[in-house]
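Before anything else, here is the set of structures, which you'll find just below.
In what follows, subunit A forms one complex with subunit B and a second complex with subunit C.
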Partner chain A sequence: MNHPAQQQDRPTGAAPALEAVGLGLQYRRRWALRDCDLRLPSGRVCALVGPNGAGKSTLMALAAGLLAPTEGSVTVFGNGPREAGSLRRMAYLRQDKPLYPRFTVAETLRAGRELNPGWDQAIAERIVRLGDLPLDAKVGTLTAGQRTRVAFALVLGKRPDLLMLDEPLADVDPVARQELTGILMAEAAEHGTTILISSHVLAELDGVCDHVTVLRNGRIRLSSDVEDLLDDHRLVVGAAAVDSDGAPPELAHHEIVELRRTGRQTTALLKPSGAIDPRWDTSRPNLEDILIAYLRTPDPQDRPAAGAGAQTAGRATELTTGREEVTAR
Partner chain B sequence: MTTALASEVSTPTGPQPSRQRRILRGAAWLGLRQERTPLLISGAVLVLLCGWMLVLGSRIQDVVESEHIQGCNLVYFPQQCENLTGAAIALNDRWSIAVAATGWLLAVLPVAFGAFFAAPMLAREFETGTYGLAWTQSVSRQRWLAARLGVPLLITLVGSSVLAVVSTWWTGVVEGRFAVPGYYHWFTWMSRAASGPSVVGFFLLSVALGATVGLLVRRVVASILVTAVATLALRFAVDQARYLFAPTREVFTPIAMAGPLPDDMKNAVLTQQLPTNTPFESEPVGHGLLTGDGLRIPLQSNWLNHLTDGTWQCPTPECLSHHDTIVQLYARYRPAGDEWIMHWTQTGLSLAATVMLLGLCAWRVRRIR
Partner chain C sequence: MVDVIVEYLIDRRGGLSPYLQIIEQTKRALRLGVLQPGDQLPTAREVVEATAINPNTVLKAYRELEREGLIESRRGVGTFVRRSLAKPQTVDDSALHADLTAWIARARDIGLEREDIAALVDTALDRAYPTSTEATEESG
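And now, the complex of A and B:
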């Protein structure tokens, strides 16, 4: 209720496309999402990344108004997601892509037109036609990939200002994937659509999104612009440190995101502060390298809660903690 | 021709077959399209059943008229029918099974409609996840629900009204003419379940109940079973309350009861129906004997031994011990005119329950998270 966007009557144009404040959802005992603070400015293409069960779908369903939060709040362009105005401005493609199986493709598109005042039949039909889908085919007889295409037509035909896609391209072939991604990007560029897209396929996000949010165990692990992320991180490779328990002393003053040892070789993803020791082979990581590193290591904030007995946190992780404490001093 | 031409002109990008016919718009179109197949099947059942009732009813009517047995049936045997009972019995032998089957069908139909049509409506949306599709369009959940239930309810209203007209006529034709226990009088269960506005009320109640169960249970098969049981329970409750606004009336007739019979009188008895003086076709609710000081002695049967001196033989010890003070025969009943009060009470109760269930749906759909 103390949400800033609700307190002051901001013009909707200025409000972020999606804003979550302390958002949490509890299923019986388990928190599917907790303490989620996220601000997605209008016009961004944001990737939502995280392992299975991290809370990606929960976050989207909360923003779409299908779920009601246990705590905190979420707004879409400054308004509650269940308000008619918000429903009109956003589209949500669920992971399981529910469609009416007894409708034909044409009837499915008609349902989109009947239920959405801003319906764009042309874009919806274009998407369907590009997949060579007969308009009179029953949706229930289509393959998973074809159904994805119809679901895509439905969300894009709605002409949303905020488009949320949950694992949208998991079951389409590579050619169609590229084609649909192309349409998506063209739409986003042409209409300034804000897109929140979750995916396991990290490689396909590179070059598509300009913002990335990493979720882990129901919490936000990282949320940053892709450019900043690429600029701020370095991948370094060098000989294993003498001290087998600690981090290599020459990297100690950098923030180590992840440290891995294979035999005598040590690989680390760093957020460098100052110059890196020239004995280490330094390269610019790609987005996938960075995201995998963050996905593999737990959030530092989670660690006290995880307890000392939790052995799942790797040694490299513990090392990172030590280094951070050093940095903090 | 002109409309086809106009639509071609207005959509130069290409043919859009779905844009030609637009009877319903928005969510209402969706509501109709989603239930199209079950509604067509229900419509076919309605047409077949009405056709069957009209054909069978007309044939029975024809026999009744050609044999001149309008006033004679299996329940009442007026004096003037003595030599016509053969025709009435032949009619019963010929059609009673068909009449019984039709009566059962009419009684079961609203329950089956609720279970097999209404219960899956919303339950399937939740089972297949399509509710999430509908709820993320530009239409609020309440409007979606209104269309999703409003369209089937409206069609049910029309269809069941047609059925009510035909089945009311049919009930009037077969009532009392066949050895089908539910079809003897206006107040027996088959007659009262399948005639008048009650039919419409029962169908609307079944649909609302099925939809509510579907929304709460969210599983198709479970919803069907729960709806069937809940509909029967609710129908029973409505049936129990059918005389809420039809209080019983009482009629008194002077009567003289005999004391203990002398041995020589025992053969001079004739079993006869007590002259309760209730109006024709009224529902008997109870009868008994009334003493001068107001004591009521209920009787089980209305057939008693009538003695030659005009007195009646006491069937119970209690009667026997008070026989000299008994002055009147009382009979409680509901006249035939109460049939319509009964039907409107059943209808009103069904509609009230329907409205409450729809309110529950509207409240529930807001809270589903």
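And now, the complex of A and C:
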């Protein structure tokens, strides 16, 4: 097998696909993104997760060179995002999927072909054909799901080395979502494309991404390989012997990401150090469990004061988050 | 293109990681004789296009199977089965299979549910192979 994606396991001196150092952007008085350090090696599929306003779109727009940072820097394969070479190597699909509504599907693809030197007409046509889109239909007359498909054809036809997709599958049906994700993964397998994809729907990222970055209030809350995350965390359930808001003493020597109570039952997501007390029922959380816990709790370093922070993190929260209700607000 | 012999079905809700599912499903195909030495496995591209999982997962699973000597990848050609896991007794139409089918039918006839039967089989397997229980821990 001869896949470029295999290169990721070899330590190389090559520049990462995306690197941010101390990256920040200030809108008037508010920081949309701050102190962002991120290194995305080539060939990864990275999920960008966070509530609305957490800074996901800002990070992508900075990496795409559409915004200029207030502080810090971002590079794409070692170069500034606005350099010509960088623009050729990356594609960015904005959440609102801007297309020319008066162009037909065929004209849109033709524009893609004429504007992009490395254009892959075969993959672009295939994506459009799989959706049974009439080539002579004006883009403005298509449904939101069909426009998503045309936008996918454009960004994949460009054959980028770095592909950034902002909430790309929000308005397509489940069948098309599976199909488009499959095509995306196939392109990554064949060309070693680095993909940064943001989504609210945590379940649709499970199995798709191998790296995940969680943004919260404009800061990186977590950035890690998915495998490490799954290996490092445990979900424990037990009857806690404390009546305060503090951590149960038998869990105190572990790093507690999130602690929740309902009546006598305590549920905690831990990064265990050493053995876990056998009286606690221990299981391996899935990616969604872990991400939700990080999305719900502030970074300990961001807490204004120890007392206030402990209250926020340790306060009994009702266990209402079902599997289906996976959007993080 | 050679006909695709195995097709991976990834269950995202099962708790078992896609990585382990690919290894397990490949080994099952090798045990059942569905895959035989010389057969070509689907490319990573084909697997991920059908299952929408991360390509690195497929490559990692194939590397593990290669490390175990079950398959080999030939650069630029593809990935091929080296060794079968089929024993004459495990093939679909063997005597053991017939015995088991008859036994399950009997258990069902006296009113056992699927889970009851599975529990009986698990207990018997655990007794016969005392050390092989850790493998299920992965499934969380």
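Criterion: the second predicted complex is superposed on the first by the 290 of 329 C-alpha atoms of A that agree within 3 Å, B and C clash if a C-alpha of one lies under 4 Å from a C-alpha of the other, contacts with A are read in each partner's own complex, and residues count from 1 in each chain.
Criterion: contacts are C-beta pairs under 8 Å (C-beta built on N, C-alpha and C of every residue); 3 or more make two chains touch, one makes a residue touch a chain.
Source: prediction; values computed, not measured.
Within the superposed three-chain model, A:122 lies in touch with subunit B and out of touch with subunit C [touch as defined at top]. In the superposition on chain A, contact is made by A:91 with subunit B only, not with subunit C. Using the contact criterion defined above for the overlaid structures, shared-chain residue A:158 touches subunit B, although it does not reach subunit C.
In the superposition on chain A, A:114 makes contact with subunit B only, while subunit C stays out of contact range. With both structures placed on the common chain, the touch criterion links A:237 to neither subunit B nor subunit C.
Put simply, subunit C touches subunit A in their complex at residues 10, 12, 15, 17-18, 43-46, 48-59, 62, 73, 75-76, 78-79, 138, 140. Those residues of subunit B that touch subunit A in the complex are listed here as 13-14, 16-18, 25-27, 29-30, 33-34, 37, 128-130, 132-141, 369. The part of subunit A that touches subunit B in the complex is made up of residues 61, 64-68, 82, 84, 87-88, 90-92, 94, 96, 98-103, 106-107, 109-112, 114-118, 121-122, 125, 135, 154, 158. Across the complex, subunit C is touched by residues 1-3, 5-6, 8, 43-45, 178-179, 181-186, 188-190, 203, 206-210, 230, 283-286 of subunit A.
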